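Two complexes follow with chain A in common, the first pairing it with chain B and the second with chain C.
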Partner chain A sequence: MQDRSKLLILLFIAVVFAGLFIGVGLNADNYQYFLSRRVPKVVAMILAGIAIGQSALAFQTITNNRILTPSIMGFDALYIFTQTLVVVLFGGLSSYVLNDYLNFSISVAVMLAFSMLLFSFYFNSNKQNLMVLLLLGVILGQLFGSISSFLTMLMDPNDFATLQQSLFASFNNIKVELVYLCAPLLFVISALLFRLNRVLDVFWLDKDNATSLGIDVKKVTMQVLVLSACLIAISTALVGPILFFGLLVTNLAREMLRSYQHRVLLFGVSLLSVSSLLAGQWVVENIFGFSTTLSVVINFIGGIYFLSMLLRNKIV
Partner chain B sequence: MALLTGDAASWQLMMTSRIPRLIAVILAGAGLSIAGLIMQQISQNRFAAPSTSGTVECAMLGYILSLVIFGGQQIWLIFLVSIFGTLLFVQFINRVQFKNAIFVPLIGIIFGNVVDSLATFIAYKYDALQNLSGWTVANFANLLQGDYELLYIAIPIAIFSYLYATRISAVGLGKDFATNLGLNYQQILVIGVMLVSVMAASVVMIVGQLPFLGLIVPNLVSQFYGDNLRRNIPLTAVLGALIVLCCDIAGRVIIFPYEIPISMIISILGGSVFVFFILRGQKNAG
Partner chain C sequence: MIKLEKLTKFFGHSVVVNKASVEFEKGEVTSIIGPNGAGKSTLLSMASRLISKDEGQVFIDCKEIAEWDSKELAKRLAVLRQANSITMRFTVREMIAFGRFPYSQGKLTQQDQTIINQAIEYLDLVAIQDKYLDELSGGQRQLAFIAMVIAQDTDYVFLDEPLNNLDIKHSLQIMRNIGRLAREMNKAVVVVIHDINFASCYSNKIIALKKGQVVAQGEVNDVIQAHVLESIYETPFHIIELNGKRMCTYY
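Right, the complex of A and B next:
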C-alpha cells in the first residue's frame, strides 16, 4: 500500500510540472501556437525519462549489480559515433541519414553488436571482474567521443550541418520530429519489458539461482539487451547523452520503494525519472533562468553519488 | 631551402613560429610523461596519471575561477587549485587502499567528471564556456614566440625529480617502509604532488589537454626497462617527447593545408593503448 501512495505522489509531481510547462501563460489567443510548441517538448522529455529509467533498471538486473548503467558503459557515446560514421560513409544526403527509420535501425544494430562484445567478455572471463568492465566502458566511451569529434573535423561542412541537426540533441534543443516515431516504439518496448517482469524478479537473485529456478539465462539476457539498446537509442536520439542520470534514478527508486518486484520497480523508475526530468528542467529554466543546463547539474550530483557508492562498497 | 640562401623572411618565420612550436612540443611531451611517472610512483598504481586523477580538470576549474574573480588568467590560482585537487585525490586513495588496481583510475576519472561539471557550471553562468573549451583543446598551431616560455618550467621539474627519484620510489613502497627508512613521508608526498600538478597545469595552460599521455608513456618504458625510477626518468621524457612530436606531425599531414588538434589524435591513440593495457592485465590476472 505504501509503495502505491509513493507512486501516486510521483505521478502527481510529474503531472504538476508537465502542467506548468504547458499551461503557464496560455490564453485564448495564443493557445494554438503555444500548444504546438510545448506539447511535443514535454512528450519528448517524458519518453526520454521512461526510456532511460527502464533501460538502466533492466540492465542492472541482468548484470546483477547497482552501478552499471548503459550510459556509463559508453552506449550514448556509441550512438553519436554511429551517427557520425554513417554521415562520413554515405554522405549527408543519403537515405541512411535522412530516413528516420533506417537511421534508427542502423544505430540499434551497432549498439547491439557492441553490447554483445562487452558481454562476451564479461561472461567468458573467469573472474567476471565488474570493475574492469566498468573501466573499459568508461574508456571506450571517451574513445568513441574523441573519434567522433575527429571525424567531424574531417567532414565536409555541408555534411556537418546535417549531422549537427540530427545529432546534438540536448535538453535545450530537443528533437521534436522524432517524438512521433519514438512514442509507439517506446510503448511496444516497455510492454515487452513489462511482460518479462517476473523473469527479472528471479534474475535479481543472481544467475545461478535463476538457472536452477528454470530460466534460460542466455536467452533472457539477450532479450533484455536488445530491448535496452533500443531504449538507449530512443533517449539519446531525443535528448542527447546524460552520463549519470540512469544510475541516479534506478538507485533512488530501489531505495524509495520497498518492493523488489519489477512490476512495481519498472513503474516507479519511469515515474521517478519523468518527474525529476520535468522538475529539473523547469527549475533550470525558471529559477536559474537558463544559466546552466540540466545535464551539467545531473553530472555533478550523479558523479558525487557514484563516487560515494563506490566508496561505501555498495556494489552488489 | 630558403634558409640556406639567407632569406630574412623565412628565418623570421622559423624563429617566431617553428622553433617555439618544436620546443613546446618537446617540453610538453617530456614534462607530462614525467608527471605521469611520478604520479604512478606516489599513488602506487600503474593506471594513475594527471588525466586520470582530476589534476587537469582542477586546473580548468582554477582557470575559470581566476577568470571570474580576477578577470584574467592568474597562474598562481591555477597552480593552487590543481595542487589542492590532486593532493585531495592522492590522500584519499592512499587512505582507502583499494585491493583492486582498477579502482584508482575509475575514481579519478569520475572525480575529474565532477570537477569538470563544476567548472562548466561556473563557465556557463559567466558566459566563458567557449573560452574554456578553446583553452583546453590542445593545439600547438597558435604557439608563437613569447607564448610558450612557461613550459620551460618542465626543465627544473625534470632535474628536481631526477635528484629526488630515490626518495619518491621509497614513498612508492608504502608509508611504513618509507618511514622506516627515515623519510618524512607526508613531506615527500606533498612535494611529489606539487611537481606533478605544476607540470600538468602548465601544460594544460599553454598547450591544452593531452589525455592519456602521462599514462601510457611510463607504462611503455617500464615494460622494457623495469622499474628503476632514476634511470627511467630520462627515457620517459625522450619517449614522451617523441610520441607528441609524431602525433603533432600526423595532425598536420592528415588534412594537409589545415590541422587536426593534437588532443584528438593523442586521445584516440592513448585510449586504444590504455584499453589494450587493461585487457592484457586482465588476462594475466585471470
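Right, the complex of A and C next:
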C-alpha cells in the first residue's frame, strides 16, 4: 500500500471517531450544550496527539535513537513537580492553581526554562555528548519525581485532591479556554518544525555526514530541542503526562510508512497519534464505561510494545 | 588548494595534532599514513570542520575555514568518515541523492537527477541503485557512500579510511575510483589510509604523521623509503620496486 493511502486511512479513522465523539446523541434540543462540552474535548485530543507525536519524532531523529522520547528528559516529572510546588507554596485554592491561563503559563515557562538550562549547559560544554544530556534529564526527572512525592506526603488532603486533577492524563476535565489558546500556538510551532523537514531528513545520515552536507548540526539540534520542549509543555499542560505514548506512535508510524522523509513522517505520526488517542478514549468511555483511564491503557500497551522492541532487538 | 598552517589539537593536556602544515592540490590524490593514534583522522576532521581546531589555520581556496558559510563550503568540500551509522532504511539512490542537498536543499531538480545518475553510472552502481543499504555488502555500501560524495560535486574530497574492513577486490575498486576522481574530475582527494602499498601505488603525494607531527611529506618516492618508514612505524622495512611502483614488505 502507498504511504498516501495509509495516511488517508488514518485521517478517515480520526474523522470517524471525532464524529462519534461529537455527533452521538445530538438533537435539536441539546446540541448547544453538548457541542460546547464535546468540541473542546476533541480539539484537545487532536492538539495533544499532534504535539506528542511530532515532538517525539523530531526528538528521536536528532538523538538518532528509536526509544527516546522527550518524557525521558524529565519533562513529565518536571510538570508534576511544578504543579505540586505551586500547590504547596500557594495552597490548593490559590489563583495560580485554579486560574487556567496562569497555571498554564507557569507550567510552560518552567518547562521552557528547564530545557534552556539543560541545553545551554550541554551546548556550552566542550565535549557535546547527547547521551550525557539525556542521562542528566533522566536523573533530574527522578529527582523531581522524588521531591514531588515527598511534598505530596506532607500535603493537606484537600490540596492533594486539587493537585490530583492535574496530574493524570484526562480528557474529561479539559480546560476550554486553554484549548483555544493552545491551538494557534501549536500551529505556529509545528509549522516551524515542518519547515525543518528536509534538514531533518539529512539527520538520518550521521552527524558528520550532515555537517559535510552543509548543515549546522548544533544549531538545528538546538532548534529542534526547543521546539520539542514547547510541544511537550503544551500537551502536558493540556491533558497531563502520557508517558509511553510518544514511543508508541513514533515507532508504529515508522513501521507503517515506507518513507524516510519527515514531510510524510510528521504528518503520519500526527495522524496516527490523533486517531489512536480518539479511538482509545472512545473505547475507554464506551466499552470500559470509564472503569479505566486512557493513560492506563496507553501505558499498558506501550509497555508491552517497548518490551517486544527490546526482545526483537529493534532498538538501534 | 587547501592549505593547513600549524594546525594543532589538544585532547585534555595531550597534543593530538601538533603544528601540522600541509597542502592539498587539485588533481592529486594525497594519502595520510601513520601508526594508530598518530592524529590522522583528527587532522582530517579539523581540515573539514567536523571538529574545532585549537590553534592554526585552514585555508580553503585562500579563505579561512571559519569564514566560510557552512552551506557554501558544502559545495566545495565533502568529507566521509569511517563509521557511518544510519538508522533508517534507504535505497542506494535515495542516499546518493542526499549529496545534492547543498545545492537544492532537498528539492531535487532535473539537473540534480542528471548528476545523481552520472554518479551512479560512474561507480557502476546502476544494478543495485534500488536496493536497500542494509542488503549490501560492506564494499558496495562504501561505494554508495563515495557516490554520494561524487554527487556532492566538490573540488575537495576527504575520505577517512575508505578501505576499512574491505576485501582486496573492493579495496582495489575503491582506490582506482579515487584515482579517477583526481585525474578525470580534477578534484583534490585526501585519504587517510593504513595500507602503505595502496598509498604508494595510488597516490601522488604522501603525508606521514607520527605522534601528531608531520614527519615526512612529498612525492611517493620521497616518503616510501626504508629508513623513513622504519622511523615512523618502528619496524624493519624492505622496499621492492615492481613495474615502477614501490612496495613495502614488513612481514
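Note that the second predicted complex is superposed on the first by the 235 of 316 C-alpha atoms of A that agree within 3 Å, B and C clash if a C-alpha of one lies under 4 Å from a C-alpha of the other, contacts with A are read in each partner's own complex, and residues count from 1 in each chain.
The rule is simple: a residue touches a chain if its C-beta (ideal position, glycine included) is under 8 Å from a C-beta of that chain, and two chains touch if they have at least 3 such contacts.
Since we're looking at a predicted model, the values are computed, not measured.
A.B. asks: Quick check on the superposed pair: does A:12 touch chain B, chain C, both, or neither? Answer first, second, both or neither.
C.D. replies: In the superposition, A:12 contacts neither chain B nor chain C.
A.B. asks: Quick one: classify A:187 as touching chain B (first), chain C (second), both or neither.
C.D. replies: Touch status of A:187: no partner.
A.B. asks: For A:64 in the superposed arrangement: first (chain B), second (chain C), both or neither?
C.D. replies: Second partner only, chain C.
A.B. asks: Going by the touch definition up top, name the partner, chain B or chain C, that contacts more of chain A.
C.D. replies: B
A.B. asks: With the two complexes superposed on chain A, say which partner A:201 touches: chain B (first), chain C (second), both, or neither.
C.D. replies: Touch partner of A:201: chain C, not chain B.
A.B. asks: Counting only touches as set out at the top, which of chain B and chain C does A:149 meet: first, second, both, neither?
C.D. replies: first
A.B. asks: What part of chain A is in contact with chain C in the complex they form?
C.D. replies: 64-66, 198-199, 201-202, 204-206, 208-209, 211-216, 260, 316
A.B. asks: With touch defined as at the start, can you tell me which chain C residues reach chain A in the complex?
C.D. replies: Contacts found on chain C: 45, 48-50, 70-75, 77-81, 83-90, 94-95, 98-99, 101-102, 105-107, 148, 152.
A.B. asks: In the complex of these two chains, what residues of chain B are touching chain A?
C.D. replies: 96, 100, 102-103, 105-107, 109-111, 113-114, 116-118, 120-121, 124-125, 211, 254-255, 260-261, 263-265, 267-268, 271-272, 274-275, 278-279, 282, 285-286
A.B. asks: Can you list the residues on chain A that touch chain B in the complex?
C.D. replies: Residues 125-127, 129, 131-132, 134-136, 138-140, 142-143, 146-147, 149-150, 153-154, 243, 291-293, 296-297, 299-300, 303-304, 306-307, 310-311 of chain A touch chain B in their complex.
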